[in-house]
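Each of the next two complexes has chain A plus one other chain: chain B in the first, chain C in the second.
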Partner chain A sequence: MFFKLLIRNPQAVIGMSIMAFFIVISLAAPIIAPYDPEARVGLPHEAPSSEHLFGTSRMGRDVFSQVLYAGQISITVGITAGLITTFIALATGLSAGYFGGRIDEVITFATNVILVLPQLPLLLVLAAFLGEVSPALIAFIIGVTSWAWGSRVIRSQTLALREKEFIKAAELIGEPARRIIFIELLPNLISIIGSGFIGAVIYAVMTQATLEFIGLGDPTSISWGTMLYHAQTSSAIYVGAWWDLLVPCVAISLFGASLALLNFAVDEVANPKLRAKGALRRYKRMLKRGEVKA
Partner chain B sequence: MQFFARRLSFYLVAFLIAATINFFLPRIMPGDPLAIMFGPQMARMSPETIDAMRDTFGFSDAPLIQQYFQYVVNVFQWDLGVSTKFFPKPVSEVLADGLVWTLFLVGSSTIISFLLGSILGLLAAWFRGSIFDSLATPGALVMQSIPSVVICLVALIIFGIGLNWLPTGYGYDTSLDPQWTFEFAGSVLKHSILPIGTLVVFQMAGFLIPMRANMINLLGEDYITMGRAKGLSGSRVMFTYGARNALLPSMTTLAMALGFVVGGSFITEVVFNYPGIGYIMFQAILARDYPLVQGHMLIFTMVMLTANFLADLLYVVLDPRVRHGGEA
Partner chain C sequence: MSEKLTLTVKGLKKDFRSGGTTLNPKKMRALNDVSLNLESGKALAIVGESGSGKSTIAKIITGIHDPTGGEIELNGKNVVKLKGDDKRKFRQKVQMVFQDPFASLNPTHTIRHHIERPLKIHRKLKGDALEAEVLRVLTEVGLTPAKATADKYPHELSGGQRQRVNIARGMAAGAEIILADEPTSMLDVSIRIGVLNLMSDMKDKHDIGFMYITHDIATARYFAEQTAVMYVGHMVEWGDTETITQAPKHPYTQLLISAVPDPSKRIDAPLQGGERGEIPVWYPDSVGCPFAERCLSATDHCRKEMPGVTQLADNHFTRCHLYS
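This part shows the complex of A and B:
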């Protein structure tokens, strides 16, 4: 049912296709990429040509091959950080909402504190002290610092669900807390968890690019962020090598946009009030043709 | 009053936690924390300065808890040590210079995007299902998911370098003296168009999307139907009946958004070499000037907490339920 609604939603279809496209081409990078991404295969800053589809970088590396391989790392970091974020958000949000009392107080306090601390400066301080942080470490620090918002949303939804009759009934017949949480509550939270996860992936991809762009990442790894970093430090735009900067920019933007579209669609599918759009349009069309009266 | 006392004590604790993170970071890294903090710059500093720095950050042989206490007292006195990059300027002074610029950028772009985003969100909800709605809403979402690095770089390539319409760096024309003249103000304004513009693009969706969702939920309420049934004009129902209530949750978003903008403004300042604290932070990171990096986090925590407090105040003004002592 859920999937069927998703398929009928044009935004979801566009989003999913772009996302699938990116995942496939990054996974198939070893087959598609014409050159080794780390090898010097041309002159510095060669313009795009049939030989080098997206030109070459300052180091004479093939930008097209690089962007494919970079996708592997950037997408992996995004998904890993998203999983960590979602897991912590789910664990804290569910326990705070379901158990209440002391547990709730402690978790809510921690959540509120993290929400008022500035995220990026906190990440910058962490990354600066850690030195040149590897992609795995980036995924980890993004994951453990960005769960607060999701946790708050899941907690409030759990609180609302807790008051519903089916939960009360489950408690009355003596179902253990474990069963109530995983069998009764969790399925009702799926859409929130799903959109929270997609949001976390978007955030992680963006943040990774930001951290690496300013030079806090490991410059020897190949990701969209380090591509931006190398392009910027070799002043690519000032010497007119726009492709060097624009290609990773477009990759990040398209991937982020595809996830955003998907997220928008998930929201619409999960919230019938927001979904009324298609029906409204049909209604207006019918009005125009005089099939119904206002 | 009790509401404010509770919020203020919460902010105090939050600030203390930020300071605590700063305190422990150099200490949990492997190696000598003093060497980590001041690293290669130590050779350039006189023994007296090193002693003073040791004092500020609480590096001593005393037990950890005493070191911590010493550090916290210094932070609350706004003694953040000396910058190693802008030696011998104290960190607090370096940051104060940049803060004006950053507040100018963040403040004006937030106000512009709040107004623009709320109005567009309102219209999208009102004309739900129209072409405007199905373009503006997903469009805003897509904009929001593009990192500010990309937005800034693309704006720089197009308007700064490609078309050469606008200056590409710094806060004002450096050949002018910073004075209260029209020429200088004009130069500041001209240099701020690109940074503020990119920040607005980056932020607007954050106001448009919630506004639209709130408004759609409100449009089903009885009092809206009632307003229409009374024969009130559409715009009156839209603004005084709908918008006023839909705006309330946006206020909390406003405070939350500021945290996000802080990130955005950092990148904007780096890309456009804008002399705010973001750019100073960037230079501090490049030079591994840890006292300055830490001071940056503390000052941004202060900005965030102040913004949250202002949001609390606004909430009280706008929501009578909170004003009359109820729970928020």
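This part shows the complex of A and C:
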């Protein structure tokens, strides 16, 4: 059924395929990669050839093997940071929205503090302060600093839902708060949570690359960001070794794009109204009649 | 059903905040001195224009809002501010059906979920017994084939069917009194009678007591033995439905009924007649009769003093200076 959904939704299918492709080749790096990504296996900056598919780096390492292994780290950091972000956003947003009062005040205050702090400079300061930060630490830092927006969105949705008659009705039949939150409210938030998660992963992958590119990461780890960093410091572009820079760039962009495309599927998977046959057409009709909001 | 239940509301008051600042809030009085009785197997219709406080009564009884003043008793036992187990027991007995059938079912869950939950919470049913009861309740409210209905999502049902699910949910909990807040107002005219008949059946066969909130005085006559007419948070005339609809005494009730020459017409359009069409907002410090501004028979006395309750007949009461 899940599959049928996606077939009707080509953007989602494309996004899904690209992402699956990335995940598979990264996981299978030890099998696919022709060389050890850290070994000197050729001359510096050899152009792409049958021997070195994407050429070699300044250090004479095989770029193809590197980009595969780098995927493991970049994707893991992205997903980990996305999970942390989503989890914090969900816990804070739901509690603030459903319980209100004191709890809401405290959480809203914390959220606003994080929101007014400019994100990237904050990360830069943190990373610079901590020195060369490992990928795990990067994931953690991104995770704990970027939940505020998602928390806001979930809170306001929860506030709106809480006043809905079906929530009142559930309270009246005696559902405990825990069940109201997790069984009655949460499923109505799935599409927001899903697209929030996807957005957080994209953001984390980009941010990690940025931090590492400007040299705040751990240069001995292999990720798309550190590949860019090494290419940059070895003036790859000046010496005409475009592949050294282009390959990690394309990897990042493609992966980000695949996630963005995947976002198109989230609504359909989450909304039982849309799961039926001819969902998209019906969705558009409902949109017109104002029964659902885009 | 074992013993008869009586739900008594005495002198209910409710103030809502309407503007002002946090330190100096301005309040409006949505309900003032409302007293009524609900009994197993009987129906009380609450009739009044939009904003007269009908839903607020139901929401206070079920605990969605706290009362500002007054008492609510179930068989003589106070039920305001119940906690824990007592609250659960009260909720089991007194359930509410909301006005909007499209908003009162959770779109992410099947109909089975909606009926199962009260059965699990209040009657601790499990497994086969649970499923059998779900199907029985759905069949009882006319949602057949029950098995197919149980597997559907709310958006796959019509408004009338959803309202039946809402009634079924109350039944599943084991409700003995149901507060139905305009249960048919959002349904097509053609299916209203079906839902009304269902409630009628439940009243007669299962001895369930109803509070039937409505704009539609014709259906009140069809369904409810007792009627109370509300105006701006006040009960202005109440008693036996036949008397009130056939021989209304309060000028507002007379206006209401004369505005509906065709009994199938609804009265939610703003009423014409009276001196001015304005419906006032009531404040805690307002004085006089709330209807005075529109009343053709109003005197200075009416504008200065709230009329007391006059008993006109055995089961017929009004609040009007014309009769005191």
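A few comments on the model shown:
The rule is short, and it goes like this: the second predicted complex is superposed on the first by the 257 of 294 C-alpha atoms of A that agree within 3 Å, B and C clash if a C-alpha of one lies under 4 Å from a C-alpha of the other, contacts with A are read in each partner's own complex, and residues count from 1 in each chain.
Throughout what follows, contacts are C-beta pairs under 8 Å (C-beta built on N, C-alpha and C of every residue); 3 or more make two chains touch, one makes a residue touch a chain.
All figures in this text were calculated on a predicted structure; none of them were measured in a lab.
Overlay on chain A: chain B and chain C fit together in the combined arrangement.
When the shared chain is aligned, chain B comes close enough to touch A:Tyr238, but chain C does not.
When the shared chain is aligned, chain C comes close enough to touch A:Ile173, but chain B does not. When both complexes are overlaid on chain A, the residue A:Val116 reaches chain B alone and has no touch with chain C.
Once the two complexes are laid over each other on the shared chain, residue contacts for A:Ala81 go to neither chain B nor chain C. Contacts of A:Val125 after superposition on the shared chain: chain B is touched, whereas chain C is not. Between chain B and chain C, B touches the greater number of residues of chain A.
Once chain A of one complex is fitted onto chain A of the other, the partner contacts of A:Lys164 are limited to chain C, with no touch recorded for chain B. In the superposition on chain A, A:Met227 makes contact with neither chain B nor chain C. Shortest separation of chain B and chain C in the overlay equals 10 Å (C-alpha atoms, whole Å). Where the contact sets of chain A with chain B and with chain C meet, they give residues 273.
Remark: chain B residues 10-11, 13-14, 17-18, 21-22, 25-26, 29, 36, 128-129, 133-134, 137-138, 141-142, 144-150, 153-154, 156-157, 161, 213, 216-217, 220, 256, 259-260, 262-263, 266-267, 270, 281-282, 285-286, 288, 290, 293-294, 296-297, 300-301, 303-305, 308 touch chain A in the complex. Taken together, the chain A residues at the contact with chain B in this complex read 11, 112-113, 115-122, 124-126, 128-130, 149, 202, 205-207, 209-210, 213-216, 228, 232, 237-238, 242, 245-246, 249, 252-253, 256-257, 259-261, 263-264, 273-274, 276-278, 280-281, 284. Chain contact summary for the complex, chain A toward chain C: residues 164-175, 183-184, 187-188, 190, 271-273.
Partner chain A is touched in their complex by these residues of chain C: 62-64, 87-88, 91-92, 95-96, 98-100, 103-109, 117-118, 121-122, 153, 155, 166, 169, 173.
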